[in-house]
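The chains carry the letters A, B and C, assigned in the order they are written, with residues numbered from 1 in each.
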Amino acid sequence: MIKRITVKTRGQGLYEFTDKVRKCLSEVNINSGLCTLFVRHTSCSMIIQENADSTAKDDLENWLNRLVPEGDSLYTHTFEGRDDMPAHIKSVLTATHLAVPFDNQALLLGTWQGVYLWEHRHAPHSREIVVHFS
Amino acid sequence: MIKRITVKTRGQGLYEFTDKVRKCLSEVNINSGLCTLFVRHTSCSMIIQENADSTAKDDLENWLNRLVPEGDSLYTHTFEGRDDMPAHIKSVLTATHLAVPFDNQALLLGTWQGVYLWEHRHAPHSREIVVHFS
Amino acid sequence: MIKRITVKTRGQGLYEFTDKVRKCLSEVNINSGLCTLFVRHTSCSMIIQENADSTAKDDLENWLNRLVPEGDSLYTHTFEGRDDMPAHIKSVLTATHLAVPFDNQALLLGTWQGVYLWEHRHAPHSREIVVHFS
């Protein structure tokens, strides 16, 4: 069973979309199984992280921006903008797909876990995520 | 088919639990398929790595600790302890879920591959892993 | 349904094998589902990245080689060669498995996404990938 989620982004940052995943799950008639999320882009990614305190999100963003800065003289792939090559590297260091088991039609996330789209580009984007239930 | 594994940790480090995964697999009546592991925490993670030589484990641990040190002045998320924000970053750089195919009721791991829980916090923890077979 | 792919490598770099995955998919009689790829080694890995411009591949390779250099005095696991411990670290920072949903017997990759084996060792290798369809 395949469904689709769109996450609209307004620049770099972590966008939680756990509720959209829960809504998809509520629409499929499977009691127990695995939910796999796949993002169809190479300049954003996904993570599962703490959703209790927004300072953790800020620190993740700032830490990754320091590790993979714009304007690095190493980059030759620059014609799509200063934020493009850092976006590809950040995408590679995080995840293009996630998987979360579910039971009794509820995602088995831990108490503090949320599902995030990580936008690595400055311009607004509409990000497509394919959701597979099995 | 969903099962659970608990890994008890005694501080930072890599804890192999391949045998616990094999035991789960032996308890389900599926000959061939996919085993997906999901860890329900944001301050530990999982990897598949070499289990032949423990120096590889030590180097992984030391390398990641140098890349993501405690006490970095960048961190603002500090109230849960000095090891908390580094733990979230390390978790993001590694994996919250793994998947291993199996056939004839045997995991199709390579000769030197083992499944590890990577504890990123100093205090002892009891880490919950959900195991999904399909 | 389990199949196998072999990717022959001739030193470090990104080797696209999207066509081999498509060929496997064409051989299985499943219309819609999830394709999971698992690499049976700890010194190479896999990523999904842009396949439109080869400079992106070069930059990824050079960036990761700078982050995880050979000859780092931190390494104690050195008897398998100077490129061995960096290979394990690079493997941990990227992915041992990938998953791509498919529908109407076509992979739901984004327009610019390709599937890559990332060889982290200098010597030629024959890399085994297990492909699971569900």
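Keep this in mind: a residue touches a chain if its C-beta (ideal position, glycine included) is under 8 Å from a C-beta of that chain, and two chains touch if they have at least 3 such contacts.
All values derive from a computational prediction rather than experimental measurement.
Chains compared, chain B against chain C: the Cα-based superposition rotates one onto the other by 120 degrees, nearest 5.
Homomeric contact chain A/chain B: same residue numbering on both sides for under half of the interface positions. Separation between the centroids of chain A and chain B, computed from CA atoms only, is 20 Å.
Residues of chain C found to touch two or more other chains are 93, 95, 99, 134.
Contact residues on chain B toward chain A in their complex (touch as defined above): 2, 36, 38, 40-42, 68, 72, 74-77, 85, 88-89, 91-93, 95-97, 99, 128, 130, 132, 134. Chain contact summary for the complex, chain A toward chain B: residues 32-34, 47-50, 53, 55-56, 58-60, 62-63, 66, 93-95, 98-101, 103, 108-110, 112-113, 134.
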